[in-house]
Amino acid sequence: MAQDIILSANGLTKEFKGFLAVNDVDLKVERGSIHALIGPNGAGKTTCFNLLTKFLQPSRGTIVYNDRDITRKQPADIARLGMVRSFQISAVFPHLTAIENVRIALQRNRGDSFDFWRSERVLTEFNGRAAGLLDDVGLSEFAAVRAGELSYGRKRALEIATTLALEPEMLLLDEPMAGMAQEDVERISQLIRRISANRTILMVEHNLSVVAALSDYITVLARGKVLAEGDYASVSKDPRVVEAYIGAEHA
Amino acid sequence: MMATDTETGAGVGPLVQSHSTSTPRHHVAIFAGLLVFGLAAPFLLYPIFLMKVLCFVLFACAFNLLLGFGGLLSFGHAAFFGSASYASAHAAKIWGFNPELAILFGTGCAAVLGLLIGSLAIRRQGIYFAMVTLAFAQMVFFFSLQAPFTGGEDGIQSVPRGHLFGLFDMAPDLNLYFFVLAIVFAGLLAIYRIIHSPFGQVLKAIRDNEQRSVSLGYRVNRYKLLVFVLSAMLAGLAGATKAIVFQLASLTDVYWTMSGEVVLMTLLGGMGTVFGPIVGAAIIVTMQNYLATFGAWVTVIQGTIFVISVMLFREGVIGILSKALKKPL
Amino acid sequence: MFELLGIPPQALFGQLLLGLINGSFYALLSLGLAIIFGLLNIINFTHGAQYMMGAFVAWMLLNYLGINYWAALFVAPVIVGITGVIIERLLISRLYHLDHLYGLLLTFGLALIIQGLFRNYYGISGLPYQIPGVLSGGQNLGFMFLPNYRGWVIVASLIVCLATWFIIEKTRLGAYLRAATENPTLVGAFGINVPRMVTLTYGFGVALAAFAGVLAAPIYAVNPNMGADLIIVVFAVVVIGGMGSILGSIVTGFGLGLIEGLTRVFYPEGSAVVIFVVMAIVLLVKPAGLFGRAA
Amino acid sequence: TDVKIGVMNDRSGIYSDIGGEGSVIAARMAVEDFGAADKGINVEIVSADHQNKPDVGSNIARQWYDTEGVDVIADVPTSSVALAVNDITREKNKIFLNSGAATSDLTGAKCSPNTVHWTYDTWQLAHGTGGAMVAAGGKTWFFLTADYAFGHALERDTAAVVKEAGGEVIGSVKTPFPGTDFSSFLLQAQSSGAQVIGLANAGGDTVNSMKQAAEFGITQGGQAIAGLLVFVNDVHALGLDIAQGLVLTETFYWDLNDQTREWSARFEKTAGKKPSMIQAGVYAAVLHYLKAVEAVGDKDPTKVMAKMKEMPTDDPLFGKGVVRADGRKTHDAYLFRVKKPDQSEGEWDLYETVATIPADKAFRPLADGGCELVK
Amino acid sequence: MPETETVEHASSAASPGALLSVRNLQGWYGESHVLHGIDFDVREGEVVTLLGRNGAGKTTTLLAIMGILAKRKGSITFDGRETIALPARAIARAGIAFCPEERGIFASLSVEENLMLPPRVREGGLTVEQVFELFPNLRERLSSQGTKLSGGEQQMLAIGRILRTGAKLLLLDEPTEGLAPVIVQQIGHTIARLKREGFTIVLVEQNFRFAASVADRHYVVEQGRVIDTIPNSELDANVEKLHGYLGV
């Protein structure tokens, strides 16, 4: 099958005051795949995410998404094109309840909510879907709890539910498992697998078992550059990857 | 610990209550009660004083829309209040507009000014946002001081109250009172609707976590600008009405202390509550009215009241009440 | 109005020098304000009143106790600083976990009280305070007559500003202060007595204001309203310099004094608003202020 | 008859020393000295702070007239507020006894049948000081003008006088109001080389600009300073060291004659300081008003006002005078020079009289004001 | 800090040999009651972990020990002293250091200033050089702004800075979160080494495998209570039970 590339970056570079955080990275993400981006701390993974979703402007390089050059777009527009990200440090709306968090995302699909003259009652139509999404991530009993009062792991789960609510074509997940208890890791893994059916996922993750289980393709970054690429089996045997990232002791 | 700390430190959050989606029944009741009180009040109290209270109630509520629900602390709202007041005074006095048209004109001017200042100011956040608005407000003040048609220190005096729609004479205080009551009440309902609209819901989200809102695809600046303009416009409506009531537009209305006063009203009543600013404005206007006879002690008394209210009722009168009743007010 | 060519360079020098003198006050006051804001997250609206108290305490020391200017230069800031410490312990310290709006409101109320009390007891016309003997008279600089006292103001304020800058930016204490601004709980968990540090810092910021007040006493009438409107200008200076940047508030203080001085020559009516114009431009171009770290 | 008098002035701001509580004391003294109670007139005095803001002032005036039954408003310094109260008083047909405000519009373009303007005005100040200085050889002038209506009016009026008297205005600078630092403007005045620097400002502005003028050695350099509106309290605050030699115009000074001295001593007992001319004006105006009420036997504003204008005035502070058809009260004005420190014999011994300007010369001629009441 | 004699306390349950004894610890966030009686002991030189699902109350327990949780009751004895009522700074001075879950790196401080921030409370902490050996990334980014570091680098900084203080008891809240496997291994070694040097450590961990490799004993926390204690040596025998607790 000819490769169907949904997102590609060419020569992506980001320089912070003389420090090259991302250095001439080429990245191709195949449509429908789960693509993992791994690498040591400070390798530039989050920076890459920020560049792809336009939270940062690249110093050099181009980004093409669905055959469209998005290098100069605004972050909100990226989300509108169907590419949505989560954050490494959890990002919820702390004073809204869990279900309201999800509804905010669902509401976006109504079109822009500038209608200040309508009653918010029109939003109740989303309650059903929102509850369903909360259920997917195991938060149904917390629907009415303010997000700020959830424990860390649950905040992460909520964040995923919110992201999914947008029904994005492509998802960028920054360490979705960080800080999650084992049971949740299992659940979220399954969730990711399930939603990946008709989506593309680009994911940063340090939990190697998750990476091994989920990803179709892996890009390893180190010091801002691509160190290795391939499937888990080949990448995990690459001595450079073992040295820089996995470490000798990992089973 | 860290989580709670950053949250409470981060903004106006802790006082803001999340509302359930349907309009609580007690809100309807309170609005009805306010209306009844408003209709009966001029037969018990001095109508001009009541009109002053009404104008400031609207002003404070407009401000609260921006601060309490948009999370944006403007320190320059006097610019909108004052410029609208000048514009409507000028329209009524020089161009001979009917009061409703003069007020409309003033409100429109405030909205345009809000669009201008807002589109520059919303690019900044937090205290910087406050400062940019203050800076622009100072420029508006300067303009009002220097421009030929504003009458400098004297202001625009002897503004005619005119005839509503060219028909009803507004000179008798009672006639004017019911006109003002209608304007202000309509303004309050509009604000309530804005807060409880799909737009209002997005505002809450943006105030809570702007980055996340962006990543969900919301163009946050447009939302901020819209709420800014709405707030400026309603503040302008209050200012324009005040000019007609007092037949005067003066520098007080554009001075920075006016911006400060509206912050005080909102906080005293309870920021982020629906009814707080109403109470806050009523308290402060009443206080100013009755303290005037205390002469030089006025500022001392006023200061003491602020200190006490910050130390003891910092959630504002209505904020505390709402907590005690466990109902959003 | 714009008689740029009509003004001989000589006169211009004079005006610039005057601007620098005003800048000295801005720098001292904004420095105190920046320190307090930086650490307590409180916009100290009492700052203007505390500046005024500095001048009044100096006047009282002289008239009631016969303590002269030089001694007052040290004693008055200490006294006013102590009142600051009391205010912080009693009132402000209860507000840290809240939005900085509340601090603003509280200090605003305090300013009203303080100014009102002084007005009631001392009236509004102002009280005279003589320039100390050694510094009376002045130097003819050719382009202008510079009163000795004004020269002293520049020197004194520069010294104090630089010393303060050094302490905060270059010592361990400064790092504690900055860290405590962000997350006092965690700094406390490292074993540092944050509340005491905060109290003393507030006292110090207040003392700086009082110091400026003593410096001002011989120039401007000692008057209960002398600091009333100043606060907002000084706060603008802090913002332009970049909130929390000590160096920023010092440099901007002097710089804005100069700019204001120039405006007074070319467009005097505008001198009251020029700072705000500068502020708007700076913030729109450099969001975090001239010396501020980006958020 | 019951009469309610509202003393409205600045009780906390920059004009609170020249009016403030002192004006209330003066009004009370007028009631006592008149012996109102014995004559069957019940007088109640209320007071309020207008904070120098026209909106606050007009608000209070309206409320006083509408709900508190106030018949007369007295004092009201600050021109913008005075004009606002002037309007409302006319609308409600009450009586306004202005003593504190300077604007000559009150008896000119904006004159009202319900207003009496007692103590002084900008025309009178300009002619008193401006005329005298030019006559004394101060031909070239530079103005420091407070940038608001009052300052502009004072500059305009004085400049006209200076030109009329053969002098020349070689420059002026508008200073932000209220200001604290005038050194920059003084420097401009200094480098202009003008013989006279005219201070078209008031209150704290005047005090600060005088103080700084002394500091920069301006008077030593041979330039004279003319304070266009200086009150005795300002001079007291400045101290004679700095203020000495200043020439100024007032219409009242406590040390004019035995009557003023006696009254001022009584005033000082309650107020703790000597009276300003504004406070004196409040006393005299209230006294005259009460006499008119007694004469009419009723407090009907139209009748009382007619009486006030018809009846010549006579009081211990301003002597004999009249209230003109345009509402202007005329009396003598005085040109004073501030004493040198060694001439002064007490804390309040501040002025020496240079000249007395007779009532008919001191104020604007009736015909020139453009008042509609004057046919 | 001079060693004080172990004093007998009212809370008689405190076991005598323990460096840290937690008895019936209750904790609240505002109105909501989160800890319902936590009990555990740590002897000098031990590493223990608190395991449990999300929201079980592990972080809250650490906050209470550190004196940061505003409302707490019960008894915490450290080094023979009752600390339940002490302010955080006094607890820190007594020799307890804390590395928070959210890392708590200061944005207004450079990496170096962040590292040097906590004052030394006792001899025997790591030197700066040793910290760099452990986390080489930090050396390169020394002058950069603290929060500009990558997530993992911030974690290293947060751990590194408390190792410097010489505190006897380290409270580490999920120290391996977001770290690359190599670094996790390094931290494992570090913990082992700290243990050898006499440090005592309370570890909150989600990474069960990691916990097993370093700890002497595991306490299972559920709904604000310690519901089970499993010595590391008996871990294999209890895997089933543990999986049940953690819902794996």
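Here the chain labels run A, B, C, D and E in written order, and each chain numbers its own residues starting at 1.
The rule is simple: a contact is a pair of C-beta atoms (placed from the backbone, for glycine too) under 8 Å apart; a residue touches a chain by one contact, two chains touch by 3 or more.
All figures in this text were calculated on a predicted structure; none of them were measured in a lab.
Student: What is the touch distance from chain A to chain E, in steps?
Tutor: The least step count works out to 1.
Student: Most remote chain relative to chain A, going by C-alpha centroids?
Tutor: Greatest centre separation from chain A goes to chain D.
Student: Count the touching C-beta pairs: is B-D or A-B ahead?
Tutor: By the number of C-beta pairs in contact, the winner is A-B.
Student: If we define chain centres by averaging CA atoms, which chain lands farthest from chain B? Would you check?
Tutor: E
Student: Could you please state the distance in Å, as a whole number, between where the Cα atoms of chain A are centred and where those of chain B are centred?
Tutor: 42
Student: Using CA atom averages as chain centres, what separation in Å is found between chain C and chain E?
Tutor: Between these chains, centre-to-centre, one finds 44 Å.
Student: State, to the nearest whole Å, the distance from the C-alpha centre of chain C to the C-alpha centre of chain D.
Tutor: Using C-alpha averages as centres, the distance is 36 Å.
Student: Distance from the CA centroid of chain A to that of chain C, rounded to the nearest Å?
Tutor: Spacing between the chain centres: roughly 49 Å.
Student: Which parts of chain D, given as residue numbers and ranges, touch two or more other chains?
Tutor: 12, 16, 147, in rising order.
Student: Specify, in ascending order, the residues of chain B that touch 2 or more different other chains.
Tutor: Correct list: 1-3, 6, 296, 298-299.
Student: Provide the list of chain A residues touching at least two other chains, using ranges where the numbers run on.
Tutor: Residues 152.
Student: Provide the residue numbers of chain C that touch chain D in the complex, in ascending order.
Tutor: 8, 11, 14-15, 18-19, 21-22, 116, 119, 123-128, 130-131, 138, 144-145, 147, 149-150, 219-221, 223, 225-226, 229-230, 261, 264-265, 268-269, 271-272
Student: Under the touch definition given earlier, write down the residues of chain A that touch chain E in their complex.
Tutor: Listed in rising order, the residues are 16, 19, 39-47, 88-89, 149-154, 175, 178-184, 186, 206, 208, 244-250.
Student: What does chain B use to touch chain D in their complex?
Tutor: For this pair, the touching residues of chain B are 46, 48-49, 52, 145, 151-155, 157-158, 173, 246-248, 250-253, 289, 292-293, 295-296, 298-299.
Student: Contact residues on chain C for chain E in the complex?
Tutor: 172, 175-176, 178-179, 181-183, 185-194, 244, 293, 295
Student: Chain C touches which residues of chain E in the complex?
Tutor: Per the stated touch rule, the residues are 66-68, 87-93, 97-98, 100, 104, 106-109, 113-114, 116-119, 121, 145, 165.
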